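Data first, discussion second: the structure below is written as C-alpha coordinates.
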(Lines give C-alpha, C1' and ligand atoms only; values in the text may rest on other atoms or scores of the structure.)
Protein backbone atom coordinates (compact mmCIF):
# COMPACT_ATOMS: atom_id res chain seq x y z
CA UNK A 1 0.00 0.00 0.00
CA UNK A 2 1.14 3.52 -0.79
CA UNK A 3 0.51 6.38 1.64
CA UNK A 4 0.99 9.91 0.37
CA UNK A 5 0.37 13.33 1.83
CA UNK A 6 -0.59 16.05 -0.59
CA UNK A 7 0.08 19.67 0.36
CA UNK A 8 -2.28 21.88 -1.63
CA UNK A 9 -2.48 25.55 -2.57
CA UNK A 10 -6.13 26.16 -3.31
CA UNK A 11 -7.45 28.91 -5.49
CA UNK A 12 -7.85 31.72 -2.94
CA UNK A 13 -11.43 31.70 -1.64
CA UNK A 14 -12.17 28.18 -2.91
CA UNK A 15 -10.47 26.18 -0.15
CA UNK A 16 -13.74 25.15 1.50
CA UNK A 17 -15.19 23.86 -1.76
CA UNK A 18 -12.00 21.94 -2.46
CA UNK A 19 -12.09 20.46 1.04
CA UNK A 20 -15.64 19.20 0.59
CA UNK A 21 -14.84 17.53 -2.72
CA UNK A 22 -11.69 15.92 -1.37
CA UNK A 23 -13.50 14.52 1.66
CA UNK A 24 -15.86 12.67 -0.68
CA UNK A 25 -13.08 10.79 -2.47
CA UNK A 26 -12.62 7.25 -1.13
CA UNK A 27 -8.83 7.32 -1.44
CA UNK A 28 -8.60 10.47 0.70
CA UNK A 29 -8.40 9.21 4.28
CA UNK A 30 -7.87 12.56 6.02
CA UNK A 31 -8.40 16.13 4.81
CA UNK A 32 -7.65 19.36 6.67
CA UNK A 33 -7.80 23.05 5.95
CA UNK A 34 -4.65 24.55 7.48
CA UNK A 35 -2.88 27.83 8.25
CA UNK A 36 0.70 28.10 7.12
CA UNK A 37 2.53 27.81 3.81
CA UNK A 38 -0.19 25.58 2.30
CA UNK A 39 -3.98 25.73 2.45
CA UNK A 40 -5.00 22.07 2.58
CA UNK A 41 -3.33 18.86 3.65
CA UNK A 42 -4.70 15.42 2.77
CA UNK A 43 -3.64 11.83 3.28
CA UNK A 44 -4.19 9.50 0.32
CA UNK A 45 -3.93 5.72 0.33
CA UNK A 46 -3.78 3.58 -2.78
CA UNK A 47 -2.69 0.07 -3.68
CA UNK A 48 0.13 1.11 -5.98
CA UNK A 49 2.02 4.04 -7.48
CA UNK A 50 -0.25 3.61 -10.50
CA UNK A 51 -3.29 4.05 -8.27
CA UNK A 52 -1.74 7.16 -6.79
CA UNK A 53 -1.38 8.53 -10.27
CA UNK A 54 -5.07 7.94 -10.96
CA UNK A 55 -6.04 9.84 -7.82
CA UNK A 56 -3.59 12.74 -7.81
CA UNK A 57 -3.00 13.38 -11.49
CA UNK A 58 -6.31 11.98 -12.70
CA UNK A 59 -8.69 13.52 -10.19
CA UNK A 60 -7.29 15.91 -7.59
CA UNK A 61 -5.18 18.05 -9.88
CA UNK A 62 -8.06 18.36 -12.33
CA UNK A 63 -10.22 20.13 -9.72
CA UNK A 64 -10.58 23.82 -10.64
CA UNK A 65 -10.29 24.81 -6.97
CA UNK A 66 -6.69 23.55 -6.84
CA UNK A 67 -3.69 25.57 -8.03
CA UNK A 68 -0.63 23.67 -6.93
CA UNK A 69 0.18 20.39 -5.19
CA UNK A 70 3.32 19.04 -3.57
CA UNK A 71 3.20 15.32 -2.86
CA UNK A 72 5.10 13.65 -0.02
CA UNK A 73 5.19 9.86 -0.44
CA UNK A 74 5.65 7.97 2.83
CA UNK A 75 8.71 5.73 2.96
CA UNK B 1 -6.90 36.26 21.82
CA UNK B 2 -5.24 35.03 18.64
CA UNK B 3 -2.70 37.18 16.83
CA UNK B 4 -1.73 36.19 13.31
CA UNK B 5 0.40 37.75 10.62
CA UNK B 6 -0.62 37.09 7.05
CA UNK B 7 2.01 37.35 4.32
CA UNK B 8 0.25 38.03 1.02
CA UNK B 9 1.10 37.78 -2.66
CA UNK B 10 -1.29 40.15 -4.36
CA UNK B 11 -2.34 39.93 -7.96
CA UNK B 12 0.40 41.99 -9.64
CA UNK B 13 -0.82 45.57 -10.01
CA UNK B 14 -3.65 45.16 -7.50
CA UNK B 15 -1.66 45.50 -4.28
CA UNK B 16 -2.90 49.03 -3.54
CA UNK B 17 -6.55 48.01 -3.94
CA UNK B 18 -5.98 45.01 -1.70
CA UNK B 19 -4.30 47.22 0.90
CA UNK B 20 -7.24 49.62 1.01
CA UNK B 21 -9.76 46.82 1.49
CA UNK B 22 -7.71 45.16 4.18
CA UNK B 23 -7.31 48.41 6.12
CA UNK B 24 -11.10 48.67 6.34
CA UNK B 25 -11.51 45.31 8.04
CA UNK B 26 -11.87 45.62 11.83
CA UNK B 27 -9.85 42.50 12.58
CA UNK B 28 -6.87 43.83 10.57
CA UNK B 29 -4.87 45.88 13.08
CA UNK B 30 -1.89 46.73 10.85
CA UNK B 31 -1.46 46.55 7.07
CA UNK B 32 1.65 47.30 5.05
CA UNK B 33 2.69 47.14 1.42
CA UNK B 34 6.24 45.75 1.41
CA UNK B 35 9.24 45.04 -0.82
CA UNK B 36 10.68 41.55 -0.61
CA UNK B 37 9.37 38.04 -1.11
CA UNK B 38 5.78 39.07 -0.33
CA UNK B 39 3.71 42.10 -1.34
CA UNK B 40 1.60 42.81 1.74
CA UNK B 41 1.90 42.02 5.43
CA UNK B 42 -1.00 42.37 7.85
CA UNK B 43 -1.61 41.69 11.52
CA UNK B 44 -4.97 40.13 12.38
CA UNK B 45 -6.47 39.76 15.84
CA UNK B 46 -9.44 37.56 16.67
CA UNK B 47 -10.95 35.98 19.76
CA UNK B 48 -10.41 32.39 18.66
CA UNK B 49 -9.07 30.13 15.95
CA UNK B 50 -12.64 29.96 14.67
CA UNK B 51 -12.71 33.74 14.36
CA UNK B 52 -9.42 33.64 12.49
CA UNK B 53 -10.98 31.20 10.06
CA UNK B 54 -13.87 33.61 9.44
CA UNK B 55 -11.46 36.42 8.64
CA UNK B 56 -8.75 34.68 6.64
CA UNK B 57 -10.64 31.92 4.88
CA UNK B 58 -14.03 33.64 4.88
CA UNK B 59 -13.02 37.15 3.84
CA UNK B 60 -9.38 37.82 2.98
CA UNK B 61 -8.77 34.84 0.73
CA UNK B 62 -12.00 35.55 -1.14
CA UNK B 63 -10.69 38.95 -2.31
CA UNK B 64 -9.93 38.84 -6.04
CA UNK B 65 -6.80 40.98 -5.51
CA UNK B 66 -5.16 38.22 -3.47
CA UNK B 67 -3.33 35.24 -4.98
CA UNK B 68 -1.63 33.47 -2.12
CA UNK B 69 -1.41 33.79 1.66
CA UNK B 70 0.94 32.32 4.23
CA UNK B 71 -0.27 32.69 7.80
CA UNK B 72 2.04 32.94 10.81
CA UNK B 73 0.15 32.41 14.08
CA UNK B 74 1.81 34.03 17.09
CA UNK B 75 2.73 31.64 19.89
CA UNK C 1 -8.22 20.73 20.88
CA UNK C 2 -5.51 21.91 18.50
CA UNK C 3 -4.35 19.74 15.62
CA UNK C 4 -1.15 20.71 13.86
CA UNK C 5 0.97 19.12 11.18
CA UNK C 6 4.68 19.76 11.33
CA UNK C 7 6.73 19.46 8.15
CA UNK C 8 10.34 18.78 9.11
CA UNK C 9 13.72 19.01 7.43
CA UNK C 10 15.93 16.64 9.37
CA UNK C 11 19.67 16.83 9.56
CA UNK C 12 20.65 14.74 6.52
CA UNK C 13 21.29 11.17 7.64
CA UNK C 14 19.52 11.60 11.00
CA UNK C 15 15.91 11.28 9.80
CA UNK C 16 15.45 7.76 11.20
CA UNK C 17 16.69 8.79 14.63
CA UNK C 18 14.40 11.80 14.59
CA UNK C 19 11.48 9.59 13.58
CA UNK C 20 12.04 7.21 16.47
CA UNK C 21 12.18 10.02 19.01
CA UNK C 22 9.08 11.70 17.63
CA UNK C 23 7.10 8.46 17.72
CA UNK C 24 7.76 8.22 21.45
CA UNK C 25 6.21 11.60 22.23
CA UNK C 26 2.61 11.32 23.46
CA UNK C 27 1.41 14.43 21.64
CA UNK C 28 2.67 13.07 18.28
CA UNK C 29 -0.23 11.03 16.92
CA UNK C 30 1.24 10.15 13.53
CA UNK C 31 4.82 10.30 12.24
CA UNK C 32 6.06 9.51 8.74
CA UNK C 33 9.35 9.65 6.89
CA UNK C 34 8.55 11.01 3.42
CA UNK C 35 10.03 11.71 -0.02
CA UNK C 36 9.49 15.19 -1.39
CA UNK C 37 10.32 18.70 -0.26
CA UNK C 38 10.38 17.70 3.43
CA UNK C 39 11.83 14.67 5.22
CA UNK C 40 9.31 13.99 8.00
CA UNK C 41 5.64 14.80 8.55
CA UNK C 42 3.97 14.48 11.93
CA UNK C 43 0.54 15.19 13.37
CA UNK C 44 0.49 16.77 16.82
CA UNK C 45 -2.53 17.17 19.07
CA UNK C 46 -2.62 19.38 22.16
CA UNK C 47 -5.28 20.98 24.34
CA UNK C 48 -4.32 24.56 23.54
CA UNK C 49 -1.98 26.81 21.56
CA UNK C 50 0.09 27.00 24.75
CA UNK C 51 0.39 23.22 24.77
CA UNK C 52 1.45 23.29 21.13
CA UNK C 53 4.18 25.71 22.08
CA UNK C 54 5.45 23.33 24.76
CA UNK C 55 5.66 20.49 22.26
CA UNK C 56 6.97 22.20 19.13
CA UNK C 57 9.15 24.97 20.55
CA UNK C 58 9.93 23.26 23.85
CA UNK C 59 10.70 19.75 22.65
CA UNK C 60 10.67 19.04 18.93
CA UNK C 61 12.74 22.00 17.78
CA UNK C 62 15.30 21.31 20.49
CA UNK C 63 16.12 17.89 18.98
CA UNK C 64 19.58 17.98 17.37
CA UNK C 65 18.32 15.82 14.47
CA UNK C 66 15.95 18.58 13.33
CA UNK C 67 17.01 21.54 11.19
CA UNK C 68 13.85 23.32 10.19
CA UNK C 69 10.12 23.02 10.83
CA UNK C 70 7.08 24.50 9.12
CA UNK C 71 3.89 24.17 11.13
CA UNK C 72 0.43 23.92 9.58
CA UNK C 73 -2.31 24.47 12.17
CA UNK C 74 -5.63 22.87 11.27
CA UNK C 75 -8.55 25.26 11.01
CA UNK D 1 11.60 56.79 8.88
CA UNK D 2 12.09 53.25 7.61
CA UNK D 3 9.85 50.42 8.79
CA UNK D 4 10.96 46.88 8.04
CA UNK D 5 9.66 43.47 9.02
CA UNK D 6 12.22 40.74 9.39
CA UNK D 7 11.13 37.12 8.99
CA UNK D 8 13.60 34.90 10.84
CA UNK D 9 14.53 31.24 10.84
CA UNK D 10 16.11 30.65 14.22
CA UNK D 11 18.52 27.89 15.02
CA UNK D 12 16.13 25.09 16.01
CA UNK D 13 15.68 25.13 19.78
CA UNK D 14 17.10 28.64 20.19
CA UNK D 15 14.03 30.65 19.18
CA UNK D 16 13.18 31.70 22.74
CA UNK D 17 16.71 32.98 23.38
CA UNK D 18 16.64 34.88 20.10
CA UNK D 19 13.27 36.39 20.99
CA UNK D 20 14.53 37.66 24.33
CA UNK D 21 17.58 39.30 22.78
CA UNK D 22 15.55 40.91 20.01
CA UNK D 23 13.02 42.33 22.47
CA UNK D 24 15.85 44.18 24.21
CA UNK D 25 16.96 46.04 21.08
CA UNK D 26 15.56 49.57 20.93
CA UNK D 27 15.00 49.50 17.17
CA UNK D 28 12.85 46.34 17.46
CA UNK D 29 9.31 47.63 18.09
CA UNK D 30 7.48 44.29 17.98
CA UNK D 31 8.77 40.72 18.24
CA UNK D 32 6.77 37.51 17.96
CA UNK D 33 7.49 33.81 17.96
CA UNK D 34 5.25 32.30 15.27
CA UNK D 35 4.06 29.02 13.74
CA UNK D 36 4.35 28.73 9.99
CA UNK D 37 7.14 28.98 7.46
CA UNK D 38 9.26 31.23 9.73
CA UNK D 39 10.00 31.09 13.46
CA UNK D 40 10.12 34.76 14.46
CA UNK D 41 8.71 37.98 13.05
CA UNK D 42 9.90 41.40 14.17
CA UNK D 43 9.18 44.99 13.22
CA UNK D 44 12.21 47.29 13.07
CA UNK D 45 12.15 51.07 12.80
CA UNK D 46 15.16 53.20 11.93
CA UNK D 47 15.80 56.70 10.66
CA UNK D 48 17.39 55.64 7.39
CA UNK D 49 18.40 52.70 5.20
CA UNK D 50 21.87 53.12 6.73
CA UNK D 51 20.39 52.70 10.20
CA UNK D 52 18.56 49.60 9.05
CA UNK D 53 21.87 48.19 7.90
CA UNK D 54 23.39 48.79 11.33
CA UNK D 55 20.55 46.92 13.01
CA UNK D 56 19.95 44.01 10.64
CA UNK D 57 23.40 43.37 9.23
CA UNK D 58 25.36 44.76 12.17
CA UNK D 59 23.45 43.25 15.06
CA UNK D 60 20.58 40.86 14.32
CA UNK D 61 22.31 38.69 11.75
CA UNK D 62 25.37 38.40 13.98
CA UNK D 63 23.32 36.64 16.70
CA UNK D 64 24.27 32.95 16.86
CA UNK D 65 20.62 31.99 17.42
CA UNK D 66 19.68 33.22 13.92
CA UNK D 67 20.13 31.19 10.76
CA UNK D 68 18.36 33.09 8.01
CA UNK D 69 16.50 36.37 7.61
CA UNK D 70 14.21 37.71 4.92
CA UNK D 71 13.56 41.44 5.18
CA UNK D 72 10.37 43.13 3.98
CA UNK D 73 10.77 46.91 3.77
CA UNK D 74 7.51 48.81 4.07
CA UNK D 75 6.68 51.05 1.11
CA UNK E 1 26.75 20.92 -26.18
CA UNK E 2 24.49 22.30 -23.46
CA UNK E 3 22.51 19.97 -21.18
CA UNK E 4 19.76 21.48 -19.09
CA UNK E 5 17.10 20.06 -16.82
CA UNK E 6 13.84 21.95 -16.64
CA UNK E 7 11.66 21.57 -13.55
CA UNK E 8 8.08 22.42 -14.49
CA UNK E 9 4.91 23.36 -12.65
CA UNK E 10 2.13 22.47 -15.03
CA UNK E 11 -1.31 23.97 -14.99
CA UNK E 12 -3.08 21.63 -12.57
CA UNK E 13 -4.87 18.91 -14.54
CA UNK E 14 -2.88 19.55 -17.74
CA UNK E 15 0.33 17.73 -16.84
CA UNK E 16 -0.38 14.77 -19.12
CA UNK E 17 -1.02 17.01 -22.11
CA UNK E 18 2.16 18.93 -21.39
CA UNK E 19 4.10 15.68 -21.13
CA UNK E 20 2.88 14.48 -24.52
CA UNK E 21 3.84 17.73 -26.23
CA UNK E 22 7.25 17.82 -24.60
CA UNK E 23 8.03 14.24 -25.63
CA UNK E 24 7.50 15.23 -29.25
CA UNK E 25 10.14 17.95 -29.20
CA UNK E 26 13.48 16.77 -30.63
CA UNK E 27 15.57 18.70 -28.10
CA UNK E 28 13.76 17.03 -25.19
CA UNK E 29 15.73 13.85 -24.53
CA UNK E 30 13.88 12.67 -21.41
CA UNK E 31 10.52 13.70 -19.96
CA UNK E 32 8.93 12.50 -16.73
CA UNK E 33 5.79 13.26 -14.75
CA UNK E 34 6.86 13.32 -11.10
CA UNK E 35 5.54 13.55 -7.54
CA UNK E 36 7.16 16.17 -5.33
CA UNK E 37 7.65 19.90 -5.47
CA UNK E 38 7.41 19.99 -9.29
CA UNK E 39 5.11 18.21 -11.73
CA UNK E 40 7.37 17.47 -14.70
CA UNK E 41 11.10 17.09 -15.19
CA UNK E 42 12.73 17.11 -18.62
CA UNK E 43 16.27 16.94 -19.98
CA UNK E 44 17.02 19.24 -22.90
CA UNK E 45 20.10 19.17 -25.12
CA UNK E 46 21.08 21.93 -27.50
CA UNK E 47 24.23 23.05 -29.31
CA UNK E 48 24.51 26.39 -27.56
CA UNK E 49 22.98 28.73 -24.98
CA UNK E 50 21.26 30.42 -27.91
CA UNK E 51 19.68 27.11 -28.88
CA UNK E 52 18.54 26.59 -25.32
CA UNK E 53 16.85 29.95 -25.48
CA UNK E 54 14.97 28.91 -28.63
CA UNK E 55 13.69 25.77 -26.94
CA UNK E 56 12.89 26.96 -23.43
CA UNK E 57 11.86 30.57 -23.96
CA UNK E 58 10.70 30.16 -27.57
CA UNK E 59 8.73 26.94 -27.29
CA UNK E 60 8.32 25.32 -23.88
CA UNK E 61 7.35 28.41 -21.90
CA UNK E 62 4.83 29.36 -24.59
CA UNK E 63 2.82 26.16 -23.98
CA UNK E 64 -0.47 27.00 -22.23
CA UNK E 65 -0.16 23.87 -20.06
CA UNK E 66 2.95 25.27 -18.35
CA UNK E 67 2.85 27.76 -15.46
CA UNK E 68 6.40 28.01 -14.18
CA UNK E 69 9.81 26.64 -15.06
CA UNK E 70 13.09 26.50 -13.17
CA UNK E 71 16.07 25.62 -15.34
CA UNK E 72 19.16 23.81 -14.06
CA UNK E 73 22.06 24.05 -16.54
CA UNK E 74 24.58 21.24 -16.24
CA UNK E 75 28.13 22.34 -15.51
CA UNK F 1 19.83 57.13 -4.34
CA UNK F 2 18.11 53.78 -4.02
CA UNK F 3 19.31 50.77 -5.99
CA UNK F 4 17.03 47.75 -6.16
CA UNK F 5 17.14 44.49 -8.04
CA UNK F 6 13.81 43.00 -9.02
CA UNK F 7 13.59 39.24 -9.61
CA UNK F 8 10.60 38.56 -11.85
CA UNK F 9 8.47 35.58 -12.75
CA UNK F 10 6.95 36.46 -16.09
CA UNK F 11 3.79 35.00 -17.49
CA UNK F 12 5.14 31.92 -19.26
CA UNK F 13 5.75 32.77 -22.91
CA UNK F 14 5.63 36.55 -22.34
CA UNK F 15 9.13 37.04 -20.96
CA UNK F 16 10.48 38.64 -24.16
CA UNK F 17 7.64 41.17 -24.28
CA UNK F 18 8.18 42.01 -20.63
CA UNK F 19 11.90 42.46 -21.26
CA UNK F 20 11.31 44.91 -24.09
CA UNK F 21 8.94 47.03 -22.02
CA UNK F 22 11.25 47.05 -19.03
CA UNK F 23 14.23 48.12 -21.14
CA UNK F 24 12.29 51.20 -22.22
CA UNK F 25 11.73 52.46 -18.67
CA UNK F 26 14.25 55.14 -17.65
CA UNK F 27 14.58 53.87 -14.08
CA UNK F 28 15.52 50.39 -15.29
CA UNK F 29 19.30 50.49 -15.72
CA UNK F 30 19.89 46.83 -16.56
CA UNK F 31 17.47 44.11 -17.68
CA UNK F 32 18.25 40.45 -18.34
CA UNK F 33 16.30 37.34 -19.28
CA UNK F 34 17.76 34.52 -17.17
CA UNK F 35 17.67 30.75 -16.60
CA UNK F 36 17.12 29.63 -13.04
CA UNK F 37 14.47 30.15 -10.40
CA UNK F 38 13.36 33.47 -11.92
CA UNK F 39 12.80 34.58 -15.52
CA UNK F 40 13.98 38.19 -15.53
CA UNK F 41 16.34 40.25 -13.41
CA UNK F 42 16.45 44.05 -13.54
CA UNK F 43 18.30 46.80 -11.73
CA UNK F 44 16.25 49.86 -10.85
CA UNK F 45 17.58 53.21 -9.61
CA UNK F 46 15.43 55.91 -8.06
CA UNK F 47 15.95 58.97 -5.88
CA UNK F 48 13.95 57.68 -2.93
CA UNK F 49 11.89 54.81 -1.55
CA UNK F 50 8.85 56.77 -2.73
CA UNK F 51 10.27 56.79 -6.26
CA UNK F 52 10.86 53.07 -6.06
CA UNK F 53 7.21 52.64 -5.15
CA UNK F 54 6.17 54.59 -8.23
CA UNK F 55 8.26 52.37 -10.49
CA UNK F 56 7.73 48.91 -8.99
CA UNK F 57 4.20 49.13 -7.61
CA UNK F 58 2.97 51.83 -9.98
CA UNK F 59 4.39 50.58 -13.27
CA UNK F 60 6.23 47.26 -13.32
CA UNK F 61 3.74 45.21 -11.30
CA UNK F 62 0.89 46.57 -13.42
CA UNK F 63 2.35 44.99 -16.58
CA UNK F 64 0.19 42.03 -17.67
CA UNK F 65 3.32 40.06 -18.62
CA UNK F 66 4.46 39.94 -14.99
CA UNK F 67 3.17 37.44 -12.43
CA UNK F 68 5.37 37.82 -9.37
CA UNK F 69 8.21 40.03 -8.23
CA UNK F 70 10.70 39.77 -5.38
CA UNK F 71 12.59 42.98 -4.70
CA UNK F 72 16.11 43.09 -3.26
CA UNK F 73 17.01 46.60 -2.04
CA UNK F 74 20.74 47.29 -1.96
CA UNK F 75 22.14 48.24 1.43
CA UNK G 1 10.96 -0.44 -11.08
CA UNK G 2 11.06 2.92 -9.35
CA UNK G 3 12.73 5.92 -10.96
CA UNK G 4 13.42 8.94 -8.81
CA UNK G 5 15.24 12.20 -9.35
CA UNK G 6 16.96 13.70 -6.35
CA UNK G 7 17.62 17.45 -6.29
CA UNK G 8 20.49 18.13 -3.91
CA UNK G 9 21.89 21.12 -2.06
CA UNK G 10 25.47 20.21 -1.33
CA UNK G 11 27.56 21.67 1.43
CA UNK G 12 29.00 24.74 -0.32
CA UNK G 13 32.42 23.85 -1.72
CA UNK G 14 31.87 20.09 -1.47
CA UNK G 15 29.72 19.59 -4.56
CA UNK G 16 32.51 17.97 -6.60
CA UNK G 17 33.27 15.46 -3.85
CA UNK G 18 29.60 14.64 -3.54
CA UNK G 19 29.34 14.17 -7.29
CA UNK G 20 32.21 11.72 -7.36
CA UNK G 21 30.74 9.62 -4.57
CA UNK G 22 27.31 9.59 -6.13
CA UNK G 23 28.66 8.50 -9.52
CA UNK G 24 30.14 5.42 -7.85
CA UNK G 25 26.81 4.20 -6.50
CA UNK G 26 25.23 1.50 -8.69
CA UNK G 27 21.67 2.78 -8.20
CA UNK G 28 22.66 6.26 -9.42
CA UNK G 29 22.19 6.13 -13.20
CA UNK G 30 22.91 9.79 -13.97
CA UNK G 31 24.57 12.51 -11.90
CA UNK G 32 25.06 16.17 -12.82
CA UNK G 33 26.43 19.28 -11.14
CA UNK G 34 24.06 22.10 -12.11
CA UNK G 35 23.55 25.88 -11.92
CA UNK G 36 20.22 27.04 -10.59
CA UNK G 37 18.26 26.54 -7.39
CA UNK G 38 19.97 23.21 -6.63
CA UNK G 39 23.59 22.08 -6.90
CA UNK G 40 23.31 18.46 -8.03
CA UNK G 41 20.69 16.40 -9.83
CA UNK G 42 20.77 12.61 -9.95
CA UNK G 43 18.56 9.87 -11.32
CA UNK G 44 18.15 6.79 -9.11
CA UNK G 45 16.62 3.47 -10.09
CA UNK G 46 15.59 0.77 -7.65
CA UNK G 47 13.34 -2.27 -7.65
CA UNK G 48 10.95 -0.97 -5.02
CA UNK G 49 10.10 1.92 -2.71
CA UNK G 50 11.93 -0.03 -0.02
CA UNK G 51 15.04 -0.08 -2.20
CA UNK G 52 14.72 3.64 -2.75
CA UNK G 53 14.67 4.09 1.00
CA UNK G 54 17.92 2.12 1.31
CA UNK G 55 19.63 4.33 -1.24
CA UNK G 56 18.32 7.80 -0.39
CA UNK G 57 17.79 7.60 3.34
CA UNK G 58 20.37 4.89 4.01
CA UNK G 59 23.24 6.12 1.87
CA UNK G 60 22.88 9.44 0.05
CA UNK G 61 21.50 11.50 2.93
CA UNK G 62 24.20 10.15 5.22
CA UNK G 63 26.96 11.71 3.07
CA UNK G 64 28.52 14.67 4.92
CA UNK G 65 28.75 16.62 1.64
CA UNK G 66 24.94 16.76 1.35
CA UNK G 67 22.77 19.28 3.19
CA UNK G 68 19.29 18.91 1.75
CA UNK G 69 17.51 16.68 -0.74
CA UNK G 70 14.17 16.97 -2.51
CA UNK G 71 13.05 13.74 -4.18
CA UNK G 72 10.84 13.62 -7.26
CA UNK G 73 9.43 10.12 -7.84
CA UNK G 74 8.50 9.42 -11.45
CA UNK G 75 4.88 8.49 -12.03
CA UNK H 1 30.85 35.61 -23.01
CA UNK H 2 28.71 34.26 -20.19
CA UNK H 3 26.96 36.60 -17.77
CA UNK H 4 25.54 35.13 -14.59
CA UNK H 5 23.94 36.56 -11.49
CA UNK H 6 24.51 34.69 -8.27
CA UNK H 7 22.00 35.12 -5.45
CA UNK H 8 23.72 34.27 -2.18
CA UNK H 9 22.65 33.34 1.35
CA UNK H 10 25.63 34.23 3.50
CA UNK H 11 26.37 32.74 6.87
CA UNK H 12 24.43 35.10 9.15
CA UNK H 13 26.78 37.82 10.40
CA UNK H 14 29.43 37.14 7.75
CA UNK H 15 27.82 38.95 4.82
CA UNK H 16 30.22 41.91 4.96
CA UNK H 17 33.27 39.64 4.92
CA UNK H 18 31.82 37.73 1.99
CA UNK H 19 31.14 40.97 0.14
CA UNK H 20 34.71 42.16 0.54
CA UNK H 21 36.15 38.89 -0.76
CA UNK H 22 33.78 38.79 -3.70
CA UNK H 23 34.61 42.37 -4.71
CA UNK H 24 38.25 41.37 -5.01
CA UNK H 25 37.59 38.63 -7.56
CA UNK H 26 38.24 39.79 -11.15
CA UNK H 27 35.28 37.85 -12.59
CA UNK H 28 32.86 39.55 -10.18
CA UNK H 29 31.79 42.73 -11.97
CA UNK H 30 29.17 43.94 -9.46
CA UNK H 31 28.53 42.93 -5.85
CA UNK H 32 25.76 44.15 -3.57
CA UNK H 33 24.55 43.43 -0.06
CA UNK H 34 20.76 43.40 -0.25
CA UNK H 35 17.58 43.19 1.85
CA UNK H 36 15.05 40.59 0.78
CA UNK H 37 15.06 36.85 0.29
CA UNK H 38 18.82 36.74 -0.35
CA UNK H 39 21.75 38.51 1.33
CA UNK H 40 24.12 39.22 -1.55
CA UNK H 41 23.75 39.59 -5.30
CA UNK H 42 26.71 39.53 -7.67
CA UNK H 43 27.22 39.67 -11.42
CA UNK H 44 29.90 37.35 -12.80
CA UNK H 45 31.34 37.39 -16.31
CA UNK H 46 33.43 34.61 -17.80
CA UNK H 47 34.47 33.47 -21.25
CA UNK H 48 32.68 30.13 -21.10
CA UNK H 49 30.51 27.83 -19.02
CA UNK H 50 33.76 26.13 -18.00
CA UNK H 51 35.07 29.44 -16.72
CA UNK H 52 31.86 29.98 -14.79
CA UNK H 53 32.39 26.61 -13.17
CA UNK H 54 35.88 27.64 -12.08
CA UNK H 55 34.55 30.80 -10.45
CA UNK H 56 31.31 29.63 -8.86
CA UNK H 57 32.06 26.03 -7.97
CA UNK H 58 35.83 26.43 -7.67
CA UNK H 59 36.02 29.66 -5.70
CA UNK H 60 32.79 31.30 -4.52
CA UNK H 61 31.08 28.22 -3.11
CA UNK H 62 34.27 27.27 -1.26
CA UNK H 63 34.15 30.49 0.80
CA UNK H 64 33.20 29.67 4.41
CA UNK H 65 31.04 32.81 4.59
CA UNK H 66 28.65 31.40 1.95
CA UNK H 67 25.84 28.95 2.74
CA UNK H 68 23.77 28.69 -0.43
CA UNK H 69 23.86 30.04 -3.95
CA UNK H 70 21.28 30.19 -6.72
CA UNK H 71 22.71 31.02 -10.13
CA UNK H 72 20.76 32.83 -12.85
CA UNK H 73 22.52 32.56 -16.23
CA UNK H 74 21.66 35.37 -18.64
CA UNK H 75 20.14 34.26 -21.94
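Chains here go by letter, A, B, C, D, E, F, G and H, matching the order in which they are written, and residues are numbered from 1 within each.
We adopt the following convention: a contact is a pair of C-beta atoms (placed from the backbone, for glycine too) under 8 Å apart; a residue touches a chain by one contact, two chains touch by 3 or more.
Note that this is a predicted model, so its numbers are computed, not measured.
Visitor: Going only through chains that touch each other, what is the minimum step count from subunit B to subunit F?
Guide: Each step joins two touching chains, and the minimum needed here is 1.
Visitor: Look at the interfaces B-C and F-G and say which one is made up of more C-beta pairs in contact.
Guide: Of B-C and F-G, more C-beta pairs in contact link B-C.
Visitor: Determine, among B-D, G-H or B-F, the equivalent of interface A-C; equivalence here requires over half of the contact pairs to be the same by residue number.
Guide: B-D
Visitor: Distance-wise, how many Å sit between the C-alpha centres of subunit E and subunit G, to the nearest whole number?
Guide: Computed value for the inter-centroid distance: 21 Å.
Visitor: How far is the middle of subunit C from the middle of subunit D, if each middle is the mean of its Cα atoms, in Å?
Guide: Centres of subunit C and subunit D (C-alpha means) sit 25 Å apart.
Visitor: Averaging over Cα atoms per chain, report the distance between subunit C and subunit H in Å.
Guide: 35
Visitor: Provide the list of subunit B residues touching at least two other chains, using ranges where the numbers run on.
Guide: In subunit B, 33, 35-37, 53, 57, 70-71, 73, 75 touch at least two other chains.
Visitor: Can you check the complex and tell me which residues of subunit F touch subunit B?
Guide: Residues 4, 52-53, 56-57, 61-63, 66-71, 73.
Visitor: For a test of understanding, state which residues of subunit G touch subunit H in their complex under the given definition.
Guide: 9, 12-13, 15-16, 33, 35-37, 39
Visitor: Which residues, counting only subunit G, touch subunit A once they are in their complex?
Guide: Residue list for subunit G touching subunit A: 2, 49, 52-53, 57, 73, 75.
Visitor: Which residues of subunit G touch subunit F in the complex?
Guide: Interface residues on the subunit G side: 35-37.
Visitor: Help me check something: in the complex, which residues belonging to subunit G touch subunit E?
Guide: 3, 5, 7, 32-38, 41, 70-75
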